[in-house]
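Dropping the structures in below, format is structure tokens.
Presented sequentially are two complexes of chain A, the first with chain B as partner and the second with chain C.
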Partner chain A sequence: MGSQTILDLIASSLVFGSLMLIALRLNGGTMENVQAFREDILVQQNLVAVSQLLEYDFRKIAYCKNYTVISSPTDAIRYADTSKIVFWTDFPTTTQPYGDGVLDSMTYYVGPTSELSVTPNPYDRLLYRVENDATPIGVNMGVTTFNMKYYDALHAELSTPVDSCQLIQYMQITIQVEHPVKWTKYYNTATYDTVYQSAFWRQVRLVAKNLNNR
Partner chain B sequence: MGLGQTLLTIMALMLMGRLILTVNRTTLETGSTKDVAEYRITATSLGVSLLESAHDLAFDEATVDTFLTYSQSSALTAAASFGKDLGETDMSTFDDIDDVHGYIRIDTIPNSAIFMSTATVQYLSVTPPTTITTTTTRTFNKLITVYVTSPYMVDYATVDSTETPVQDTLKFQSVFSYWYFR
Partner chain C sequence: MGRSAIYLVMGMTFIFLFFGRTMNDSGTEAFENAILYYEYTQSYNIADAGANLACNQIFLDRNWRTGFSHVVMNDGEFSVDVDTTTYADKVLLTSTGIFQQDTHIVRVLLSPSSFSKFAMYSGNVSSAAKMRAGDTIDGPIHVNGELATQGNPVFTERATMGELKTASGSPTFMGGYQEGVNIDFPAYTTSADAIEAAANADAGTLNTFTGPGELWLKFSVSGGVTKVQYKYNVSAVWSAEVLLSTFAPSGNIAVVNGELHVEGTFSGQVSLTSKVSPSSTTPSATVGATYIEDDLRYYTDPLITPTSTDMLGLVSAGNIEIRELPIRMDGAFFTNENATLESSLRNNSIEQVKIVGSLISKEINSTDFGTGTSKGANFYMKYDSRLENTPPNNFPFPTTNSFEVLSWFE
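Entry: the complex of A and B
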């Protein structure tokens, strides 16, 4: 084996090694991206699930199949605070999809962050949706922010907890959902700290639209 | 290294380069699709918020302080006069639905994008059972259409004549009908 052959072997080994390193790095980067995107989709799906649930329930604030049961839609909200709301509605049943005409109470609130201390994310909380006096069961959808603001007919913000719930005309719901685990791929561009993947949703809802047709 | 080996090496590098570029493009497209999905969620919340705010308004300027009967449709605002009235600037000062016609709102959402919402209002002609058409004739039904778009919300599946992806726009519609308790 001549020196030229040895040089060829060394050169080809170097080229092969470089290509192999590139391929491995490429594979690693692709896998990391795929996993990160998958986790991002999970966060978005959680947010969509929570927002769909809220839209469905909040649209029916003050609704009752038997309209004589609620004397005034302004009495529909029983308690209103930044992270908790209790209101009258009418739940559908299997045989009566538009409600059974009996008033039901719905409660939404978020628990303390200590309930989810087992997750790496220190800000996520359990979201509770309670029908009447059922035992509260929280779901972990990665909710880190569940904030509600209340406004009167003149668009003035009401202080919370709201003393006179009948003044509430609008509410603004803000929800932020974060992933329970921090991925190093995501950075805050201002501080260069790694952050949790998050998705944000804010919506203004009218409370009792039956009052306002004129 | 002979000529044949050199050519083989160059070809291998070209193939590897092509592979890297393809993977890179796929990764970027996937990331972009994911971002656009997130923008669409935010845009949906903005569009529904605008519709909800409009729900709180009176049906027409003529019904803000009084009631109309079925035969008084001529008292309603003409379709050509839709738009904000004198002294009205935004949703907090609008008092009836057609004030929203031509309304433009820019929202800058933290950690998201800049969104532009626009609204149009039209009268609706309803012919039972299923025929519903827009009209300029005064009727007791109004259709509000809200468009929400953002320069960051791009539909890569649709390209224009220059093969450039087009900006995506979400459309929300709601029908308002006039009625009152007697």
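Entry: the complex of A and C
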């Protein structure tokens, strides 16, 4: 093996090594991107699941298959605060998809941030959806903001907690879902701080049709 | 060297292909997530639109039962089934909205609407007549024309009107409100004639009084039995007490072409009419008018005892004039003209007119219940929910020729 061959081997090793480093870096970057995409999807899927659930339930405020059970639909909302609402509705069952005609109570609220202190995100909370007097069981959907505003018939915002829930005609629901872990590639462009991946949903004016149908 | 380079290129190509596909899948999945929510929302919107269109058809033509079949809307379609058999005397609309792979169903149960549902109904209210601070309508209200408010009157249930006008302050609508609603004033002559016919069929002391002239009635309850005193003018002496079962065995009492003056407390069912004959006669202060002289109350208060069977229906061709303040009036009151305060009370400091039942008046003029912000009468209308299913005998609670939504599932 002559000196030329040795030089060839050294040169080719350098070239191979450089290409290998590029490939590894590319691999790392791509992995990060793929994972970030995946986590984005997770956050968005959580948001869609929560918003669909809320829309489904809130549109049934004051609904009962047996309409005589709710003699005055305006009384259907029993408690209304920024992060908690209690109302009458009628849960569907497997055999009766339009409700069983028995009045049910639904409660939505979010727990304190301390309940999810195990996650790196200090703002996420458990979302509670309680049917009748069942034991509250929260689900971790990454909800960091669950805010409701209430408006009367003249579109004036009501102070919370609402003293007279009969006044409520419209609601604004705001939800923000965040990832429990901070990814380094997401920056606040103003401060250059890394931020949690998040998705935001707002129902500007939700009208529960049964609230004032009679 | 050549072989190694080929291996390297092949390896890089494989890595690029793998990650390219994975990234592509992630992008597709994210898009699918957005599409899923979009399709769900679109199918809901289409089904909801179908239900709204079907409701509109029924409100335009109450006999419309055709439904819709595969109506294209917003790149989807909806069909509406109209079912009149599942619920007796009611209409069930089932609107099915389809968008791409998603289906949504909206079910609306409608019921013919009746005047019996109103705590207060007025065919026409003068634009200068206002519901004022201190007025409370605790039940559904409808005004065909303009509902004007001043200060902060409270409407605890649904309010419908031709137009809402807020002169000052902020009214409170606990059941929401809807403008642009017109419900024709109901005919009453059949009801008044039926009360007169029922009164004439009785073998009572004085079932029908024929004017001109005045009939004054004062009810009282003693030992659980309703008694009546009567006279024929204000200065006359009241008659001895007569059992209502003797005076008007069926509880129907009619005044024809005269004045009816009434007050007191009673138990059981009483139907009163002050009518004109022939029906083309124009009512006046002395013909077809009714005067509420003092409290007119049920012996068993339905606000305390909801099972009370005491019930009053009063049908007047002319004005119903209230001549005492404060006053409580229990019953369903109908006037084919004005509901009003006696003129001398309109400028007094404000006091309450409490009506437990319902009030249907053809007109309310600007100063019928007082002047300014603090003179005359404040309304406290408390709807008696018994009226909806068990109205007084022969009372004009016809259908409004429209439907109301009983439940809306979406």
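Basically, the second predicted complex is superposed on the first by the 195 of 214 C-alpha atoms of A that agree within 3 Å, B and C clash if a C-alpha of one lies under 4 Å from a C-alpha of the other, contacts with A are read in each partner's own complex, and residues count from 1 in each chain.
Everything below uses one rule, namely that a contact is a pair of C-beta atoms (placed from the backbone, for glycine too) under 8 Å apart; a residue touches a chain by one contact, two chains touch by 3 or more.
Fair warning: this is a prediction, and the values are worked out from it, not measured in the lab.
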Check your understanding: Once chain A from each complex is brought into register, does chain C clash with chain B or fit beside it?
Key -> clash
**Study point:** First (chain B), second (chain C), both or neither touched by A:Phe200
**Key:** first
Exercise for review: Could you say whether A:Val181 touches chain B, chain C, both of them, or neither, answering first, second, both or neither?
Suggested key: neither
Review point. Is A:Val102 contacted by the first partner chain B, the second partner chain C, both or neither?
Key: neither
Exercise for review: Of the two partners chain B and chain C, indicate the one touching more residues belonging to chain A.
Suggested key: C
Exercise for review: Quick one: classify A:Ile10 as touching chain B (first), chain C (second), both or neither.
Suggested key: neither
Practice item. Using the superposition on chain A described above, determine whether A:Leu21 touches chain B (first), chain C (second), both, or neither. Key: neither
Exercise for review: For A:Ala134, select first, second, both or neither according to whether it touches chain B, chain C, the two together, or no partner.
Suggested key: neither
Practice item. State whether A:His155 touches chain B only (first), chain C only (second), both chains, or neither. Key: first
Review point. Just one of 81-89, 99-107, 117-125 or 171-179 in chain B hits chain C in the overlay; which is it?
Key: 171-179
Exercise for review: For chain A, give the residues common to its interface with chain B and its interface with chain C.
Suggested key: 8, 12, 19, 23, 26, 30, 33-34, 37, 40-41, 44, 48, 51, 55, 169, 209, 212-214
Study note, to complete from the structure: Seen from chain A, its contact residues with chain C in the complex are 8, 12, 16, 19, 23, 26-27, 30-31, 33-34, 37-38, 40-41, 44-45, 48, 51-52, 55, 59-60, 63-65, 67, 71-74, 98-99, 152-154, 156, 164, 166-167, 169, 209-214
**Study point:** chain C - residues contacting chain A, complex
**Key:** 1, 4, 8, 11-12, 15, 19, 22-23, 26-27, 29-30, 33-34, 36-37, 40, 44, 107, 109, 117, 140, 156-158, 170-177, 385, 404-410
Review point. Quick one: in the complex, what on chain B touches chain A?
Key: 1, 5, 9, 12-13, 16, 19-20, 23, 27, 30-31, 34, 37-38, 41-42, 45, 48-49, 52-53, 55-59, 63-64, 67, 92, 109-112, 178-180
Review point. Given the complex with chain B, which residues does chain A contribute to the contact?
Key: 7-8, 11-12, 15, 19, 22-23, 26, 29-30, 33-34, 37, 40-41, 44, 47-48, 51, 55, 155, 169-170, 198-206, 209, 212-214
